[in-house]
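Across the two complexes that follow, chain A remains constant while its partner is chain B and subsequently chain C.
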Partner chain A sequence: MSYLTDEKEGASCLVMGNEAIVRGALEAGVNVASGYPGTPSSEIIENLSKVAKEPNLYVEWSVNEKVALEVAAAASFSRLRALCVMKQNGVNVASDFLLHLAGSGTRGGFVMVTCDDPGALSSVNEGESRFFARLLEIPLLEPGNFQEAKDMTKWAFDLSEELRQIVVVRSVTRMSHASGNITYGRLPAEKRRAEFRFDGFALDPDEGIIISAPVAWKHQQQQEKIRKAREIFEGCPFNTYEGPERPDLLLITSSACYLYSREAVNVLGAEDRVGLLKMGTTWPLPPKLLAKHLSRTDKVMIVEEVLPFLEENVKILAAEQAAEIGVKTFYGKNDGTIPMTGEMNPDLVIAALSSVLGIDYVPVPEEYGREAQASVIARAPNREQVFCPGCPHRASFFSIHNALEMDNRQGFVCGDIGCYTMAIGSTGFNTLKTLHSMGSGAGIASGFGKLGQFGMDQPILAVCGDSTFYHAVIPALVNAVHNRSNITLVVLDNSGTAMTGFQPHPGLDHNVLGEAVPPIDIARICEGIGARVEIRDPFDLEGTRETLNELIEDTSGVKVLIMRKACALSPQRKNKKDYTVHVDETICIGEECGCGRFCTRIFGCPGLIWNAEKQKAEIDEVICVGCGVCADICPQGAIKREEVA
Partner chain B sequence: MEKRVIRRGQEELKKYVLDARLCTGCGACIDLCPYHRSHRGKTAVLFPCVVDEGRCFAYCPKVDVDLDMVSRHLFGRPYDGNPLGSYQSISATRAGGRLKNVASQAGGVVSALMYFALEKRYVSGAVLTDRRGLLPLPRFVTVPQDVLACAASKYTAAPTLSALNQAVEKGHRNIGLVGTPCQVLAAALMSSNPLKADDCVNPFGLVIGLFCTWAIDFRLFEPFLAGRIEIDRIRKIDIPPPPSEIMEVFGDSGTKLEIPLNEIRELVPNGCSYCIDMTSEFSDLSVGVMEGHPDMNTLIIRTDRGRRIVEEAAQEGYLTLSALPEENREHLIWAAGNKKKRGLSKARGEGMINTQGNETKSYLRISAEILEGLTA
Partner chain C sequence: MTAYRLPKDPYNIIITGVGGQGNVMASRVFSNMLVQKGFFVTIGETFGASQRGGSVMSHIRVSSKSTWSPQVPKGKADVVVTLEPIEAIRVLAGYGNPAVKVLTNTRAIYPAGVIAGRLSYPSLDEIKETLKKLSARAWFIDATDEAVKLGNAILGNIIMIGALSAVGDLPVGRGDFEAALSRTLPAEKMADNLTAFDLGVELMKQ
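Entry: the complex of A and B
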C-alpha cells in the first residue's frame, strides 16, 4: 500500500506536487492512466503504477505520448475516467491526436496532465504547452499550490464529464517536484464498467460514433463547450483574489508564479498596495471575473512562465471591455518588466514590483554580492555535466568519436534526447553535432544521407536510446531504408528508460505493473526494416570502433549498430562490480609523452582522479563502479583490473 | 629563470604537417600514444595532447627536419646535397640461388637481404609492409619465412613505422626496417635521440631504404581501381621502366590492367610533391629497380653495417653482385637530382624552408648555401 491510498479523508500529508496530482486522480476514481516518461512528469505514472493492484485501475507506460493519449482516450470513450501524463514536448508529439480528439469530444472524464519545464532544468527546450489549449480550443487549468494540484485534478475529471471534452492540467517543475502539505479527500467506492457504445444516433455524444466530422458542426459543438467552460470558470473557486479593494497595482498570475508573487508582495511589505489575482482557469479566461478585478485599478502586472500567454489573453479581454473598465497600463513580458525566457523566482517578481511601484529595494547589498560571487568563483570546483562512472555512453561515444576521427572525412553524429544528449559536451567527446526532439537524430540523418548528389561526402551517423528507438526512431529508420539513405544508426541500448528512472519500455520483459510481457527485439525490428544490423558491447572499445569504421565505410544503405550494455545505475548493475581496479604507480607515466594524462584529461571518467602531487593517476574507489574500461584506454597498461569473483 | 619551452608537440605537428597537407602517412607518429591513429592510409589526431615536446613532432619527416644534423649523426659528415646522398658504393644486384621463386619485385634483393639478416640474427625482427587488397598493412616479423610474405612493391603510402613503434614499445631492439625515403628519414630521426632522452636506445639493426618517386594515396587508389579489377585478387603491381609511362596491375587469373601514369599521378599524396629524396639517403642500404633490367636491382651501400651484411649475403649465395654500368649510375644521379630540385623549389617557393637556423617551424632546415646550389 502507499500513503497515497491508505490515508483517509481529512489526513494531512507532505507530498510532492506530482503526488498531489496522483491523489487527486485517485479521489476522482481514475480508471486508466498512461504516459511516457519525461522529467518533471514521470512520478505521476510511477506512483499510480504502485497502487494499480486494484481491479479498477490500469496503468501503462506507452510507447510515446501520442499513443499514450490514444490509449487513455479509449478508456474515456468507454465511460471510464482516464488520465494521460507527459512533459511539455510530449504534448507536441500527442498534438495531432489531440486536435482530432478535441473535435470528436470525450465521454468518461479525461484529463491530460502536462508538466512543463520553464528554464529547461531537465529539458532541451522550454516549450509552452498552454498554447495548445487555446490553439485546440480545450479548457486549461493551472494549480497555484499543492492542495490545488490535488483538488484541481479531481475537479478536472468532473469538468471533463460535464463538457464531454478533454481538460488540460498544466504543472511546472517547481510545482511537480516541490513538496507541500495537502489535506486528503475521500477515495470513491464507485467501480465503473467499461462499455463503448456506437450504435445510437451517429452524432449523439454518448451513443454515436466518435469522430471529428462533420467538421463544421463538430467544431461548433466544440466551441459551445468552451463557452460553457467560460461560464463555469466565472464562479470557479480556483480563481482567487487577495488584497485591498482598490490596490495601486493588480498582479495577475498563475501556477508556481502565484507563490513567487505572494512572497514578493510580502517581502516588499506591499500587501496594502498590490492586489493578487491568481487564475486557476487560464483558458478560456472568464471575462466577467476579469472585468471585476481589472476595474480595481489602472495598473496591471502579469507574472507567468514562460511566454505571455495569460498576459495576451487578459489584454484581449481588457480591450474588449475597455469601455466598461477603463484603459489600463500593463506591465509584463511584452514591455520587458518580466523576462520572457527561463524560470521566474521571487527575486524577479520583487525587481518588477519594486520598479513599477517605485519601492527602493536592494535584495543583496552590493558589497556582499561581490564578495559572495568572488568566493564562489574561487572555491567552487570547475565541473561539467558528466556521464556517471561506468556509464556505457562514455565508452560508446569514445568509440564513435575515434571511428569518425580515424575515418577522417568530417563525419558527424545527429543526436536527440536522453542522457546521451550530454555527448554534445566533453564527457561524450563533443560527438553530437545536432540535437532536437526524440528520434529526430535518425530523421535528420536520413535527410543528410541523401545530400550526396549535392556533393556531401561526410559520413552520417545518428544515435538514439533504446526507449527513444521505440518512441520515434522507427518511422525515421523506415524512411531512411525506403529512400535509400546512406546512414549509420547507433542504438545506445542501456536496457531501460535510464534518464528518467528506469521505466520499462517495449524492449524489456516486464511492464510497469511488473507483469511479464514479450520483449520486442530492436535488432529484429531493424533487420525487418531492411537495415544491416550489428550488436556490440560498448565496453569492447576496439571491437566496437572497428565495427563502426566498417559500417561507416559500407555504403550499401542503412546500417544499425546496437551498443548493448545496461546503465551503470540500473538495478542489474548497481552495486555490482565486475572488477576491482587500481593504478600501478610504477607504470603510470602521467604527463609524459605517450600519455599526457589520457585517462583523467581525455577519457574523463569521474572514477579516475589525477594526483597532482604524485603526478600519477588514481582510482576513486568510492565512486568507481568497477567496469574496468579504463584499463583498456591506458596507453601504458598501468591501470590494472581484477575480476571480482 | 624560467625555462622557455619551445613547443614541438601535437598542436604544431597538426598545424605544420597535417593541416598543411604534408603528411604522407608514414606512421612515425602512430602508436606512440593514444592520440594518433592511422586508418586506411590516413593519419588521424583523435584528441588534443598537451605535451610540449612530443616524439610525434620529433620523428616526423615533414617538419623541421635538420638534414645536416641527420647526416652528421648517421654518416659523420655534413649534408652536402649530393643527389644520391652519402654512400660507399653502388652495385647491380639480384637475389641469389638461395632464395628462388619469391614473388618479389625486380631482383628480389630487399627480401633476400632482410631474410638473410633475420636468419643470421643481425636483426631480431623486421618491420615490413604487407597488403590486403590495396590496403598496406604494417607488419613486424621475427621469422625469415615471413619476410617473403611481404615481398613486392606496394606503391600505396603506408603507416609502416607504426609497427616499429609498437615493436620498440614491446622492448624489441636491433630491428630491421624496409621503408620508403620518408620512413627511412623518420627512422634516422628516431635513432638520433631528438628529445635528448637519457634512456634512448637506437632500435635499428639494419635500415633498407627503397627508391621512391612518389606513393599513391590508398583512399584514392581503391575507388580508382574499383570496377576495373578485382581488388582482393591483385597479384602484383608494377611500373615498368621508362618510356612505358604505365602502371601494370596483375590479377590472379592472368588479367592485366594498364593504367597511364599521368592518371596515377593524380592519386599521389600532396606531401610527396615536396620530397627531395629519391633513394632513401638516410639508410644503411638503398635498393631500387635497375633501369633497363627489370629483373635486377640497383643497390647503394651507405654504411659499414650495411656493407658487411651485403658482403656476407653475397658470399652465402643470397645475392649476386656486379658492377653498375656507368650510364645507369649517371641516369640515377640525374633522376635523383631532378626530384631533389623539384621538391626543394616547390618547398622554397611556398616558404617551407628554414635557412636561418632559428626556431621557425617549417618542413626543412637547410643551409642557405646548399639550398642555392641545389635549386640553381
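Entry: the complex of A and C
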C-alpha cells in the first residue's frame, strides 16, 4: 500500500508535486491513466500503478504519447474518468490526435497533465506546452503550489465533464519534482461502468458518434466551450490575490513562478508595494478579473516560464479594455526585464523587482562573494555528467567510436533521446553528431543514406534505445528499408526505459501493473521489415567492433545491430557484481607505459581512477560495480578481473 | 502547526553530492522528520539526470508559517550538508554567507575531467581551508569510510543526516528519524540505518 491511499481525509503529508497530482486524480475517481515516461512526469503513472488494484484502475505505459492519449480518450468516450500524462515534447507527439479530440469533444472527465522542463534540466529542449492550449482552444490550468497540484487536478475532471472537453493541467520540473505539505481530501466510493453510446442523433454530444466533423459546427461548439470556461474562470478559487488594495506594481504570475515571486517580495520587504496576482487558469484568461486588478495600478510585471504566454494574453486583454482601465506600463520578457529563456528562480525575480521598484539589494557581502567564486574556480573542478560505472552504453560507444576510426571514412552517428544522448560528449567519446527528438536519429540517417547520388560516401549510423525503438523508430526503419537507404542502426537494448527509472516497454514480458504480457521482439520486427540483424553483448568489445566493421562495409541496405545488456542500475544488475576487479600494480607501469594512461584518460569510467601518488591506475571500490570491461582495454593486461561465484 | 521558534524562518538546508550517493533519499527522510514535528517543508531537487554522476542538490525550506519556493535565494543557506567535499564549495559560491554552517563528508568522488587528467582535484587540506574560510562553522565527517565499515557505502547519507540532526538548530532526533524511515523502509533495513544515524550523531561530538 502507499501513503497516497492509506492516509485518511484531512491528513497532512509531505508529497512530491507529481504525487499531489496522483492524489488529486484519485480523489476525482480516475478510472484509466496512460502515458509515456519522460522526466519530470514519470512518477505520476508509476504511483498510480502502485495503487491501481483497490480502486480498480487501469494504468498503462503506452508505446508513445499519441497512443497514450488515444487509449485514455476511449475511457472518456465510455463515460469513465481518464488521465493522460506526458512531458512537454510528448505533447508535440500527441498533438495531431489532440487537435481532432478538441474538435470532437469528450464525455467522461478527461485531463491531460503535461510536465514541462523550463531550463531543460533533463531534456534537450525547453518546449512550451501552454501554447497548445491556445492553439487548439482547450482550457489550461497551472497549479501554483503543492496543495493546488492536488486540488486543481481533481477540479479539472469536474470542469472537463461540465464542458465536455479535455482540460490541460500544466506542471513544471520545480513543481513536479519538488515536495511540500498537502492536506488530503476524500477518496470517492463511486464506481463507474464503461459504456460507449453511438446510436443517438449523430451530433448529440452524449449519444452520437464522436468526430470532429462537420467542422464548421463542431468548431463553433468548441469555441462555445472556451467561452463557458472563461466565465467559470472569473470566479475560480485558484486565481488568488495578495497585497495592498492599490499596489505600486501588480505582479501577475503562475505555476512555480508564484513561489519565486512571493519569495522575492518577501526578501525585498516589498509586501506593501507589490500586489501578487496568481493565475491558476491561464487559458482562457478571465477578462473581468484581470480588468479589476489592472485598474488598480499603472505598472504591471509578468513572471512566468518560459515564453511570454501569460504576458501576451494579459496585454491583449489590457488593450481591449484600455478605455476602462487606463494605459499600463508592462515589465516582462518582451522588454527584457525577465529573461526569455531558461528557468526562473527567486533571484531573477528579485533582480527584476529591485530594478523596477528602485530597491538596492546585495545578497551576500561583496568580499564573501568574491572569495567564494574564486574558490570554485580554483578548487571545485567541473563535474560533467557521465555514463554510470558499468553502463553498457560506455562500452557500446567505445566500440562504435573505434570502428568508425578504423574505417576512417568520416563515418558518423545520428542520435536521439535517452541516457545515450550523453554520447554527444566525452563520456561517449563524442560519437553522436546529430541529436533531436525521439527516433529522429533513425529518420535523419534514412535521409543521409540517400545522399550517395550527390557524392556522399561517409558511413551512416544511427542509435536508439529499446523503448525509443517502439516509440518512434519503427516508421523510420520502414522508411529506410523501403527507400533503399544504406544505413546501420544500433539499438542500445538495456532492458527498460532506463533514463526515466526502468518503466517497462513493449519488449518486456511484464507491464507496469506487474502482469505477464507478450513481449514484442525487436530483432523479429527488424527482420520482418527486411533489415539484416545482428545481436551482440556490448561488453564483448572485440566481437562488437568486428561486427560493426562488417556491417559498415555491407552496402546492401539497412543493417541493425542490437547491443543487448541490461542497464547497470536495472533491478537485475543493481548491487550485483559479476567480477571483482583490481589493478595489478606490478604490471601497471603508469606514465612509463606509452599507453598515455589509456584506461583513465580515454575510457573514463568513474570506478577506474588515477592514483597520482603511486602514478598507477586504481579501482575505486566504492564506485566500481564489477562489470569487468576495463580488463579488456588495458594494453598491458594490468587490470585483473575475477568472476564472482 | 508548531510553536517551535526556528533560528530563522524559513530555515534553509541544502544537501548536496553526486548522483547515486542517496542525496534525494537523505533530503526526503530529514524533511519527513520535520513534517512530523509540524513544520511546513518544501523540498526542491534536481534529479532525472542525477543518477548520471553529475552534481545534485536538494533545497529544504523549513518554516512554521508557510510553503516557500523550492529554490533557496542566493546567499541564504543556513546549513549545507555535503556528501562529496568539493560540492560544498560549489554550493557555497551560490548560496553561502558568512553565517552558514557546513557538514562535509570527506570522501572524494572524482569528476570525469579529473580522472582523465584534464582537471585537478584539491587536497583535503585545501578543501578544509576553503570551507572554514567560507563558513561560520565547518565539520568534517568520514561518513563514507565509516559506512564502508558498517558494510554499505550508501549509508554515508544516513550518517550525515544523523550529524545534521546533532547541529541543534532543529528540534529533531533519533525518534523522529525512526518514525520517518518506517514510512518507506522495510523493517529489516531499519537496524543498519539506525546504527548509521547514531554514528553520525556521535561523530559530531568529536
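Assume the second predicted complex is superposed on the first by the 641 of 645 C-alpha atoms of A that agree within 3 Å, B and C clash if a C-alpha of one lies under 4 Å from a C-alpha of the other, contacts with A are read in each partner's own complex, and residues count from 1 in each chain.
Methods note: a contact is a pair of C-beta atoms (placed from the backbone, for glycine too) under 8 Å apart; a residue touches a chain by one contact, two chains touch by 3 or more.
Being a predicted model, the structure only gives us computed values, none of them experimental.
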{"item": "Superposed partners chain B and chain C on chain A - clash or fit", "value": "fit"}
{"item": "First, second, both or neither for A:211, with chain B first and chain C second", "value": "neither"}
{"item": "First (chain B), second (chain C), both or neither touched by A:523", "value": "neither"}
{"item": "First (chain B), second (chain C), both or neither touched by A:601", "value": "both"}
{"item": "Partner chain(s) touched by A:406 [first = chain B, second = chain C, both, neither]", "value": "first"}
{"item": "Contacts of A:379 with chain B and chain C, given as first, second, both or neither", "value": "second"}
{"item": "Contacts of A:371 with chain B and chain C, given as first, second, both or neither", "value": "second"}
{"item": "Residues of chain A touched, compared between chain B and chain C (which is higher)", "value": "C"}
{"item": "Angular separation of chain B and chain C about chain A, which is computed from CA centres of the superposed model and rounded to the nearest 10 °", "value": "90"}
{"item": "Touched partner set for A:591, first chain B, second chain C, both or neither", "value": "first"}
{"item": "Partner chain(s) touched by A:549 [first = chain B, second = chain C, both, neither]", "value": "first"}
{"item": "After superposition on chain A, the shortest CA separation from chain B to chain C (Å)", "value": "11"}
{"item": "Set of chain A residues, in rising order, touched by both chain B and chain C", "value": "597, 601-602"}
{"item": "Touching residues on chain A, where the partner in the complex is chain C", "value": "3, 12-14, 39-40, 121-122, 145-147, 173-175, 177-181, 256, 259-260, 262-264, 267, 345-347, 350, 363-365, 368-369, 371-373, 375-376, 378-388, 419, 422, 426-427, 499-500, 569, 597, 600-602, 604, 606, 608-610, 620-623"}
{"item": "Chain B partner contacts - residues on chain A that touch it in the complex", "value": "401-402, 405-408, 429, 549, 553, 591-598, 601-602, 633, 635"}
{"item": "Interfacial residue positions of chain B with respect to chain A in the complex", "value": "32-35, 37-40, 42, 44-47, 49-51, 53-55, 195"}
{"item": "Contact footprint of chain A on chain C as seen in their complex", "value": "18-20, 28, 31-32, 35, 40-49, 51-55, 67-76, 86-87, 89-90, 92-93, 96-98, 107, 109-117, 119-122, 126-127, 130, 133-134, 144, 148, 153, 183"}
